[in-house]
Amino acid sequence: MSKNNHHIRLLEALLFASSEPMSTSALHERMPEGADVGGLLMELQKHYAERGVHLTETQGQWAFRTAQDLADDLNVEKQISKKLSRAAMETLAIIAYHQPVTRAEIENVRGVATHKGTLDTLLEMGWIKPGRRRETLGRPLTWVSTAGFLDHFSLESIIDLPGMDEMKASGLLDRRPAIDTVHQDDLFTGQSAQEGVESDEYVDDEDIDIREEEMEGL
Amino acid sequence: MSKNNHHIRLLEALLFASSEPMSTSALHERMPEGADVGGLLMELQKHYAERGVHLTETQGQWAFRTAQDLADDLNVEKQISKKLSRAAMETLAIIAYHQPVTRAEIENVRGVATHKGTLDTLLEMGWIKPGRRRETLGRPLTWVSTAGFLDHFSLESIIDLPGMDEMKASGLLDRRPAIDTVHQDDLFTGQSAQEGVESDEYVDDEDIDIREEEMEGL
Amino acid sequence: MVGIADAVQENAQDMSVFIKEDGEMSAVDHLLLDIDGYEGPIDVLLELSRNQKVDLAKISILELVRQYLVFIERAQQRNLELAAEYLVMAAWLAYLKSRLFLPKEENSDEPSAEDIAQALQFQLQRLEAMQKAADKLLALPQLGQEIFARGQPEGLEMNVVTQWNVSLYDMLKAYGDIERRKEASQYDLPTFDLMSTDSAMSRLSKMLGNLPKTGAHSVWATLNSFMPEDIEDSLYGRSTLASTFTAGLELAKQGGLEFRQDGLFRPIYMRKMQPSDGMNYGEEDQDVDA
């Protein structure tokens, strides 16, 4: 009992002292051998459940944070946060909801080319990171959100993103070019037939679509 | 009671989030009107008295601090075993055998330029130290081995290092077989085949140096 | 009388159209003023479709196309330089509009105009969903704004103690290596006992000449059978094999020799050919194939 008490005090102190959220394995490394870190974390979380400070878990990372319901009354110096551009916020949302997602897919959704600076900004804030390469033509890099992103927005996991369920249900989380979402049967539709009739611009547009379709198809 | 509970939670969150210890008056300012800050502080202090985190007061300033008795357990020691790079090994050997020796002389013996990092590493390890300056042009610094060096290798004194003849006798100066891929030894016993070995070694050396720098950089 | 009533009504209709267009104009002008705030044509289309004040699933694509074309027209009247992608979209929408009016083509491979319109609708819905999602994200309690981490973390230290894994042997060996390197730097140019291609060539020619003949050819003999016996030195042996093969290839190029191998890593056969006229060569070649 006294040993358990020592363990829980140590765990509490570790999490209080750390400036960053700590993973279970990092905690294991610092706790005495044989300590039931998982069980202790549960116990500690329960102890703090009703207090002004909570023990939160985000993707396996543990940290003490002030209780959400106190936000309005908490008169503490706020950190000056960088205001993100609309492009960056949109891109962040697309990465968070569609992940893993390639740059081409982000552009499918937004309908515009992505500025290099947009991804850079999000990367610098520690909210996105490169995921696995997609096993398609060109093996494009994918982007995923980080634990830091979830921590910043007080989310436990990706499934807690607001409106995620409805978006999934209504099919809005499709990453393909829009035309593919309605016309799935024949991917290489009448490109040649179009060329003769239509303006150059249209052909360009169609060209781009076709290329994307090819990538998806392969 | 519920109001008191809200107050104590708020006070807890305030003290937790504040980037500086807070005086009672500063807390008063941030707490709702009519809150008994003094009483709440006492209550909070009592709650944390036996925990891994204490509420401490220093000259009227309040702050959470990890418990003193846990200090030793919070800072963990970790042992890692490292090997010296080839460049460092050679430099160390030259200093041991030729001390006091200048950097230029070390380079002379090794036949390769010495990275500054190599001497730094050895210095940091406590195995070499600067000796007297040589009374020649430019008064270059000399390097000598330390007691720590003798200690590590369990040597009584530098004179105990085996001399050239003894090294030869013990096979330390033997050549390695030259070309491993061709098994016929008789053909390659001559001096001739050394060329390949030497260049190989040089490349190895550089490789290890780079790796060492990378490790130090991390 | 009837005519007047009709005229009045018509006039009123004209007025309403005029008012509507006027209102639309100011909305479009407003859009144009703020064009830098939009992220490309799809974003502008989304803003225009919001003007219809209906669920995106129910918007009129034709109406949307009309509004977009008005928007482009106004931009051109004002000599505003829109990015090329806005014009591409305009051309594309004009095409879509014409297709929507045409009777549906049967058995066409290309997506129908309805499909394209539906795709556009989906594109708008998807982008709107993401824009709303971005707003919802920003409305969440954020770290450092509504929720706080500990203000004065003591920090955790990990004291790494390095154990140097270096033995006396390692150090002495390193010193020995330097000494060896110095000796090695005074080296003689190595000489190897090898068979040159030239000597392999003359040797091979002589041996081929000694092979029994059947007609224009000699019998087949393996490459190995041309190797000198009693080779003790493996390097010399290898060089002989390589040189003999190279010489063989050279002879084959000249038409004095033929190669045969029945499969990968199978023995290589050679036979001498009488370098005579091509007819003869062709005939024999067919025989070999058969």
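Lettered A, B and C in written order, each chain numbered from 1.
What we mean here is this: a contact is a pair of C-beta atoms (placed from the backbone, for glycine too) under 8 Å apart; a residue touches a chain by one contact, two chains touch by 3 or more.
Just so it is clear, the model here is predicted, and its values are computed rather than measured.
Q: What chains do chain A and chain C have as common neighbours?
A: B
Q: Where the centre means the average of the CA atoms, what chain is farthest from chain B?
A: The most distant chain relative to chain B turns out to be C.
Q: Which chain wins if you rank chains by how close their C-alpha centre is to the centre of all protein C-alpha atoms?
A: A
Q: In whole angstrom, how far does the Cα centroid of chain A sit from the Cα centroid of chain C?
A: That gives a centre separation of 27 Å.
Q: Give, as an integer number of Å, the spacing between the C-alpha centres of chain B and chain A.
A: Chain A and chain B have C-alpha centres separated by 36 Å.
Q: Quick one: chain B and chain C, Cα centre-to-centre, how many Å?
A: The separation of the two C-alpha centroids amounts to 44 Å.
Q: Check each residue of chain B and list the ones that touch at least two other chains.
A: 13, 16-19, 64, 66, 74, 76
Q: Could you pull out the residues of chain C that touch at least 2 other chains?
A: 148-151, 154, 156 - these are the residues of chain C that touch more than one other chain.
Q: Mind listing the chain C positions that touch chain A in their complex?
A: Contacts found on chain C: 37, 39-43, 85, 87-88, 91-92, 95, 108-111, 115-116, 118-120, 122-123, 125-127, 129-134, 136-151, 153-156.
Q: Help me check something: in the complex, which residues belonging to chain C touch chain B?
A: Listed in rising order, the residues are 148-152, 154, 156-168, 170-182, 184-185, 187-193, 233-235.
Q: For chain A, which residues are in contact with chain C within the complex?
A: The touching residues are 14, 16-19, 30, 63-66, 68, 71, 74, 76, 78-79, 81, 86-87, 89-90, 92-94, 96-97, 109-112, 151-155, 161-163, 167, 170, 172, 174, 178-179, 181-183, 186, 189-190, 193-194, 198-199, 201-202, 204-205.
Q: Using the touch definition from the top, list the residues of chain B that touch chain A in their complex.
A: 8-14, 16-19, 29-30, 32, 50-53, 64, 66-67, 70, 73-74, 76
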